[in-house]
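What follows is a short report on a single structure.
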């Protein structure tokens, strides 16, 4: 475990062609890390995430990805993820292959990954057309009842990136509130990067809280606000207005590209990104 | 969910011949409930528990059980569970059939039970003689890699009984500290009985604490001290001295029977049990 | 629509109230964002104070003071009985058969209650790529019953969905039961015209109730298959003043809470 | 034993110190109760301050101030980095391949390091029913290496165990590897005579080190199979004053803490 900068962590641990999961279910979405991947112009990534959300809309629109594994890809509460759609429908800025699952299937795949089982299982997918378009959805026969139980291959990303509330100076990470599949995605990965709101002397974790011990974490970077426009419970709320604004920004290729150029490529880091938004009167 | 007495809960919900799991891994073992089952002279139970511990030593020695599913059956830190041994080796007080697992296998079986999957799986048992003596340990073939993965049938007890720190007046239950497989065993069961140290207005559960909502709980009974001689974190410590004393009490059939007659059958409830021990100068 | 004067409430309001009335106290409800969430919370504030609301983000027994705008708003965690990891929601709470009612929306529903939220056009060359199935495939399988909420049109109510994102009665006539799934499937489709329920036998959805200002002919015209009509079509009671007042107050509180701009503390 | 004077430390102490020396800083150690727990904590207090101790009760990164008497003492939870459900310990932490060293004891070990903690005599009509396998079958499979700690006698060190509770090298000669298990298997057996390690090739355990006061002949006599002896048998350094002082202080603190009678607050 190293406490480092986000730039250094992405530079060292996210490579072109990697399989990368940025998790966080509505809460604690690692936006700063996703933008740093855009800024460092990574290419050919296989992106994994239950809910692509704006973060993968940005990364896919910016050309980082060639494959997406997901289970629900919209702008939550608003509508389409326009850049994800454009990539799937019209191959812009490049073709995007997809592995499509249900939430329960993705969750089982992460659990299998964290458990180093080759597959996860669920009573799922029955009567849907998903197995017809995703040949990795298969089944096993129960050795006791003869039932067919659906299976999904384990997800073991090269890198998982999470955002959390706190780390201590040893690099132990505390996650509190809505947890999504963050712990499973983190433990399933070969490398685990975590951005946090703050680094503290003592986590003050309640008994049975979700703590990722430092020795399972590859690198920690302190990036206050790094989940914006999603939220970090105890620090700031979800910026629903930005999610609505994004619908306009992302609808059009040129507007989107200008936004990425100005605010991501045109800034050095997440603090610069927020400062640029504020300078233009659109910052949080 | 009903808040009731332990006597009423056992009387209503534990029947002769039931499959019954009393869980709690060293911590929060529901001793008071086990003794109430003895007191009500239940017979023919299929007892399930990872670590039978003194509680099943008592119940088996008292003749409640005809089958035991388990993964480690001793007196922890002391030696043998003499009554379990006597039942298996010499069929006293009656024959005891066993389904033997490893801890990991039992854990997977409870997880499957809580998930209402027909089986659990693990990379386990390889190279051991356990599958040879427990024909329920089987395997599936991974549909992706061709590997054989061990399977165990799901555990879905008729009744699971737990001890916890607190319930609120609505019957929501808070468990804190070492959790064992309590939540899984509880959710796997058709009926869930919980004894607690106290009933409070507000659980004061920290975010992400382990809480069993009232609507999954069949009955709650307030039995302070009900985990003794195991412990309830925040209330009292493990009574290691009693575990050592038990070795003497349980070694001999007559001594054991006299103890059960005096302290369990000879008392009306757990408070009476503790009072009788104290009256004899051996109480906690 | 017909000549009956337009009522003093919106289609969303009447659908929300209609859905809320179908929920009962202490029922365990797996809630989606939007209208289902409004309906479930309206029921909680009216006749079902101990309804158990589960959101797929992992919040169990939530009692939000304002409606969540996303499935994982902090309000849901702060007011929950317990907040568990997302994999556990699907395994220990949904798959385990603990959910009485699952609420689903979609882009399309067909005559047998199968839902499409995945794609219009061929999967590999989509005309319109939709967000995808999310939690729906397993909600549709495991909930004891499913309520579908969807505004009606001939484009969204189709004879056969282009892509089955989640299973209704499949091809009808017992096909769902033969597939072995445990849950009872869609038992009601709540639209802005009325309510459809599956016919015994065929399991094809038929109109069983309509709003006061809607005619049966209106409903048939807004359906992309030859809609069957029950022998008796009930007229749904319009929203009461009380129902509307509580719902509008909930929406007002929600708008207020969400109008505060977010300020990053950095 | 030999004519060398009996040392000023007990067999338990020298086994504990010998095992502790085999652990390194930051190694992830899956610890059993008793001597392995004492050894792992002794290592932590001496040369391995950041050793990661995992107990199967769900406590990860514990730093107990006194030795636990049970696998789930409150002290383990109170001083842990995190306390997780027991099923998770076996899936996310052990099966995942995160454990460097698993410590196992048993009633019997055989020449290939297979362990029996289940039964003496036939399984169905046992002569002695032992507690059973517990966590051992999967620790033996998944830990990168296993250390076995067991007092030596011809009854406990047998040519072939009556019941394989956990896998060592099975029948030797690559049989373990052929079985496909990921972990490296038993790499040392620490006894009160010395240390045995698996021979390259046969994977049969041979004597590689002895305590100062023990002869090779003593060790052979205390083994139930014809014990092979390595070309060079090291002499284990006796416990240092510092090692003994720290270990005895740990045991003293433990005894003090556990001598306080438990009083129920009711």
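Going in written order, the chains are labelled A, B, C and D, and every chain counts its residues from 1.
Throughout what follows, a contact is a pair of C-beta atoms (placed from the backbone, for glycine too) under 8 Å apart; a residue touches a chain by one contact, two chains touch by 3 or more.
Model, not experiment: these values are computed from the prediction.
Colleague: For subunit B and subunit D, what is the smallest step count along a path of chains that touch one another?
Modeller: Each step joins two touching chains, and the minimum needed here is 1.
Colleague: Does B-C or A-C have the larger number of C-beta pairs in contact?
Modeller: Output for the comparison: A-C.
Colleague: Whole-Å distance, subunit C centre to subunit D centre, using C-alpha means?
Modeller: Measuring from centre to centre gives 57 Å for this pair.
Colleague: Find the geometric centre of each of subunit B and subunit C from their Cα atoms only, then give the gap between the two centres in Å, rounded to an integer.
Modeller: 41
Colleague: How far is the middle of subunit A from the middle of subunit C, if each middle is the mean of its Cα atoms, in Å?
Modeller: Distance between chain centres: 28 Å.
Colleague: At least two partner chains per residue is the criterion; list those residues in subunit B.
Modeller: Counting only residues that touch two or more other chains, subunit B contributes 111, 116-117, 122-123, 147, 177, 179, 184, 207-210, 233.
Colleague: Quick check: what residues of subunit C touch more than one other chain, meaning two or more?
Modeller: As it turns out, subunit C has residues touching two or more other chains at 77, 83-84, 91, 95.
Colleague: Identify every two-chain combination in which the chains touch.
Modeller: Listed in label order, the chain pairs in contact are A-B, A-C, A-D, B-C, B-D.
Colleague: Where on subunit D is subunit A touching in the complex?
Modeller: Its residues touching subunit A are 26, 28, 52, 60-61, 77, 81-84, 91-92, 95-98.
Colleague: Under the stated contact criterion, what part of subunit A meets subunit D in this complex?
Modeller: Those residues of subunit A that touch subunit D are 111, 114-117, 172, 184, 187, 205, 207-213, 215-216.
Colleague: Which part of subunit D faces subunit B closely enough to touch in the complex?
Modeller: 33-34, 56-59, 69-74, 76-78, 83-87, 90-91, 94-95, 114, 118, 123, 126-138, 140-142, 163-167, 170, 176, 179-182, 258, 261-266
Colleague: So in the complex, the part of subunit B that touches subunit A is made up of which residues?
Modeller: Touching subunit A from subunit B are residues 116-119, 121-123, 136, 138-145, 147, 149, 151, 153, 176-177, 179, 206-210, 233.
Colleague: Once bound in the complex, which stretches of subunit A touch subunit C?
Modeller: Per the touch definition, subunit A meets subunit C at residues 25-27, 50-51, 70-74, 76-77, 80-81, 84-85, 88-89, 100, 102-105, 107-108, 110-111, 122-130, 133, 147, 177-181, 183-184, 210, 224-225, 228-229, 231, 233, 235-243, 271, 274, 284.
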